[in-house]
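You will see two complexes here that share subunit A, one where it goes with subunit B and one where it goes with subunit C.
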Partner chain A sequence: MESLKTRKITSVWIVIVLALFIVAIILGILMRLNQGTIIQQSPVTFYGNMTTHGLTMIGIWFVAGMAAVNYLMERYVKTSYGVNLFALICTIIGVLMLWSSTFIGHFHAGWTFLYPLPFKVAWAQWATPVFLSSLVVLGVGWLVWSVSLMSQILKKYTLSQAFAWQHFKKNPAVETPPFILITMVTLVGVIACLLAAVLLLVLLFAEYFSNGSFVNDAAAKNLTYFFGHTIANEMLYLGLAVIYELFAEVSGRPKWKTTWYVAVAWNLSLAFILTAFFHHLYMDFVQPEGLQIVGQLASYLASLPAAGVTVFSILVAVYRTKINWSLTNLLFFIGVAGWVIGGLGAVIDATISNNFVLHNTLWVPAHFHTYNAMGNVLFSLGFFHWFAHKFDVGFYIDKNAMLKLTLILFGGIGFLLAFYIGGADSIPRRYSNYPPEFTMAAPLATVAAVFATFYLLAILLFFLNITKNV
Partner chain B sequence: MQHSILWLFLILAGASIIVFTYVYLSSKKANQSDQGMNQPLKKRFWFLLILFVILGIFASVTIPKSPYYLFADETPARVLHVAAMQYAFILSNDAINPESPQGETDLVLPLNELIEFRVTSLDVNHGFAIYDANNQLIAQTQAMPGYVNRLRWKFTSPGKYNILCLEFCGMDHQGMRSSFTVK
Partner chain C sequence: MYKNNVFYFLVIVIIGWNTSVYSQQDNIAWKEESHVYTKVLDAPLKGYGLGDSTSLLQLAHQNPTILALIFTRCTGICNPFLLQLSEKLEWEIEHKNFNIVVISFDPRDTEADMSALAKRFHLDQEKQWIFGVTDSIESLNKSIDFNPIRDETRQQYDHEALLVGINSDGYITKKLIGMRSTSDLALLVGSIYNSFTPTHQLPNKNRLFSCFNYDPKTGKNTPGLGLLFIALPAILTIFILFTSNYLGKSERIG
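And now, the complex of A and B:
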């Protein structure tokens, strides 16, 4: 079982994630208020906040998943406390560097820092190297953490066992727990995308310090989206690993086991998730057409194991089955629904002919906010809540559970609908202020800010309840 | 088209919410003796098969409609060169010299004839998005430095069309725009 030190560091991760989440939500609300002309920010402030908001959100929900997986991994293999601490320190330093580059240096090239925008300096000169260095610090910490977790798994399981290949046949001699399989598949994706980020950053630094101009724009774009798309998806898979491990346990049901179709599905997921990123480049017509088609097919195929195995398994586990419902498994269950609905929006956008009229409109933040704010966040909140109360003595009743869920659902759905309607109205994303011809844009942004405030209230309640107990 | 997409999404999302709510309520009503779903493996197989077929139909219907194949066999009646730069679009009937980029204003394009936009960028990545008179996005491509994206389109309605940048390109991204008239 886990040591006291692991318990403590997991508590620190949880408090940091929730605190940063609150700041990042506030930045998001300020952005929508500015778009709604309720407040006035300069475009530089707006885009700086947008950069901070995006990268902070990606970072915290990735580390939230990693911290949860690391904690639960102690049930199967010993993990390195030192590496966990190293990742924590790198994350804190990385976030401080990122925030100083954006808040003080006014760096505002977006969290995707699409080459060569970071080099068209419209901010303090030092902000570009500090921003890029913050990514290096975060990337090194996370890469070491991922490699360490994977190497610990491989000390106990062979490579084929870690991928559950023996489950392709009947009656395997060794059972691979689903948690190990999903973590392994996810870590491969995480390491692959972090290595792509390392390559990209090396190229960017080489160009920055040599004052040259030798990075190929199309190659940089492919690397950027391979990194960005993959990490954003893998952090969801970390959350799913937690659900596979905990859903049955907190529901008072038998533990889930790896079956042949679970093994096949997760192995296939890895292939699809690593090739689906091409859908970010559909509107670059110079990309080979074959890769564009691969992008659409991989995006479609990625939904099959997700829907047919994970989602279906959750539904089978719940349907006409007596379950000990608590805030933890309710958050997991609703989170899976949010993930499904965000996935529907994503598959629609991953259809090339739809992307032609949806790309970089508000439809894009609509779908990724759905599977993050109403999916992945709920997976992690479920874990946080379970973790905060697992050491309680006696039976615990969360008096605010229904209030928190109501606020999340009410605030989240309203906030997201404004994005979807805006996307259908062709309103561009990432605009600090909307052109006057988009008459619905500002009112929708204002309404979204109001709904997001309800969501924020729910998170504040979670923060108060959870930090009191960890 | 976008509003049809929104309706499709809302219907699918609504159906998902109904399924999850129904399954949740079935659990709330369940007794200890309830055995859950009958033959889940068989149902899972059928669910996957149906999903696979639906996605297969969707892919085979939509992929041929991808912008890369639009009017691919026709010869454009007009070629328009587009160079994007922070924070303006340069449009010209002639090739644009990146050393001294110059464009034309008040461009008029012919109705119902094939236009090819040859789109590039002189600095960072930009978007080249064409909006019709109702402010609906009708076609787009990216403007990437060092590459030329060819977008083919036939305008079937006369009027003023706006061009907006749809790839974040810096502090005046939201103000980067141009327009042309079709008649």
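And now, the complex of A and C:
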């Protein structure tokens, strides 16, 4: 079982994630209010907030998944408290450096910091190296954490057992828990994409300090999306690992087991998810057409095994079955729905013929906000809620459960609809102020800000409730 | 051990050779990509066919503009360059309303010299052709990265035959160096109307880490050093995975 130290550090992770989430949501609302011309931000402030919002969100929901996985992994293998603490310290330092570069240094090249934007200095001179250094600190902390967790798994399971290859045949001698399989598959992807980030940062630093110009734009973009796209997807898989471990348990049902199709699906996901990022490069015609086709195929195939098997497993678990519904498994259930809907939006955009129309429109934030705000966030909130109350003495009843769920659903769906309608109307994304030609852009942004405020209220309630208990 | 050393040596030689080949290519004066998408200097103009306009940007604001740089005492490329330009742009001029501004970069040239040049090429009656001089030639040259070198012995300039496309917002959209084909000139004209033209990157400093290198002669892409960077994270991950498995083996057995 998990140690007291692991429990404490998981509590710290949860408090930090929720606190940063609230700040990041407020930044998002301010951005939409500015686009709606309700408030006036300078473009520097808007893009600074956009950079902070994007990177903070990616970071916190990645570490939220990692903290949850680390905590639950103690059920199977011993994990390193020291590495967990190291990752926590790196995250705190990294976030402080990142926020300094954006809030004080006004760095505003976007969370993808696409080359050569970081070097087109339109902010304090020091902000570029501090921004890049913050990513190094975060990347090193998370990489060490990921490698450590993977190593711990391999101290108990062989390589083939960790990937559940023995389940390809009938009646395997050793059973690999689905949690271990999914975590292993995810950690391999996480390590690969963090290494891509390290390589990218090495190139950028080399160019920055040598005043050279040898970084190739397309190579840098490939590495950026190898890192960015992959980590955004892998952090969802961390959430899914938690669901596979906890959904049946909190629902009062027998624990899920690894079957041949679960093993095959997750092994295939590992391959597909690492090549799906090519769909970010459809407009880069200088690359061979074959890569674009790989990008489309991998995008389709990546979504099928993991999503198909997970949705099937969840539906089978709840269909005509007596379930002990609680806020935790409701969040998991709704989160899977949000993940699938967002995933469908992503596949629509990743289809080359559609991408000609939807590329860089509000459809893009629409789909990734769906599988994050209404998917991954709910996975982690489900875990946070379970974690906060598992040590309660006696039977716990959350009086505000329905209010929180209603606010999340009402606020989340309204906020996302504004994005989808905007995307379908070809309204471009990443505009601080919309030209008058986009007549629907400002009203939609205002509506989105109002709905997002309801979502924020729900998160505040979660924050108060969870932090009181952890 | 011996085989390993040979292998490492070969890897270093191959990388070193690639680097030196690309470095040599860097020295070739491929400068068509420099200063593209930057604003051109609003140089004051004097000369023939200017109408009400008094500066380069004023001309560009009226109609997208192609800028050609020559000098009237040129014994080299200037005359064939202008002649070829007038012939090859004939069809484009008939169908599109853009300016071709011919400016002398030799401070000795006067408005009268340029007017005489226009007449010599029978372009003096063509309203889209403008011949002129500017007092700010050095700054203009700088803004388009054009660097003619004066040879006092020959009383001539060493210079490129440069064409610069400028859109109506005053931004450089494309540059062409040398005597170019009709299709290249059509791309230049397209660019000043802000129409998107897919082009492949020319050999330059950034090419060292390209994922693919485009060969304009064959039209084919070949894998580049940058592709190794894309594959490296996966290779390193597999290495870490197997190393962790190897290290974990002793604990599993124990």
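A few comments on the model shown:
Quick note on the criterion: the second predicted complex is superposed on the first by the 469 of 470 C-alpha atoms of A that agree within 3 Å, B and C clash if a C-alpha of one lies under 4 Å from a C-alpha of the other, contacts with A are read in each partner's own complex, and residues count from 1 in each chain.
Just so we're on the same page, a residue touches a chain if its C-beta (ideal position, glycine included) is under 8 Å from a C-beta of that chain, and two chains touch if they have at least 3 such contacts.
On a predicted model such as this, the values are computed, not experimentally measured, just so you know.
Clashing of subunit B with subunit C is the outcome of superposition onto subunit A. When the two structures are aligned on the shared chain, A:Ile38 is found in touch with neither subunit B nor subunit C. Of the two partner chains, subunit B is the only one that A:Val318 touches; subunit C does not reach it. By the document's definition of touching, neither partner reaches A:Val12: not subunit B, not subunit C.
Of the two partner chains placed by the overlay, only subunit C lies in contact with A:Leu159; subunit B stays clear of it. In the superposed model, A:Val294 lies in contact with neither subunit B nor subunit C.
When the two complexes are overlaid on their common chain A, residue A:Val188 makes contact with subunit C while staying clear of subunit B.
Set side by side, subunit B and subunit C differ in how many residues of subunit A they touch, and the one touching more is B.
By the touch criterion defined above, A:Thr351 reaches subunit B but does not reach subunit C.
When the two complexes are overlaid on their common chain A, residue A:Leu117 makes contact with subunit B while staying clear of subunit C.
By the touch criterion stated above, A:Ala219 is placed in contact with subunit C alone, subunit B being left untouched.
Once both structures are laid onto chain A, the subunit C stretch out of 166-174, 202-210, 220-228 or 238-246 that overlaps subunit B is 166-174. Taken together, the two complexes place residues 216-218, 285-286 of subunit A in contact with subunit B and also with subunit C.
Listed in rising order, the residues of subunit A touching subunit B in the complex are 43-44, 47, 108-110, 114, 116-117, 120, 122, 216-218, 221, 261, 282-286, 289, 292-293, 296-297, 300-301, 303-304, 307-309, 312, 315-323, 325, 333-334, 336-337, 340-341, 344-345, 347-348, 351-354, 356-361, 420-421, 423-426, 428-435, 437-438. In the complex of the two chains, the subunit C residues touching subunit A come out as 198, 200-201, 205-212, 214, 221, 226, 229-230, 232-234, 236-237, 240-242, 244-245, 247-249, 251-252. Taken in their complex, subunit A has these residues touching subunit C: 147, 150-151, 154-159, 188, 191-193, 195-196, 199, 203, 212-219, 222-223, 226, 274, 285-288.
By the touch criterion stated above, subunit B contacts subunit A in their complex at residues 1-3, 5-6, 8-10, 12-13, 16-17, 19-20, 23-24, 26-32, 34-37, 40-41, 44, 47-48, 51-52, 55, 58-59, 62-63, 65-68, 86, 123-125, 127, 129, 131, 135-142, 144-151, 162, 164, 166-174, 177.
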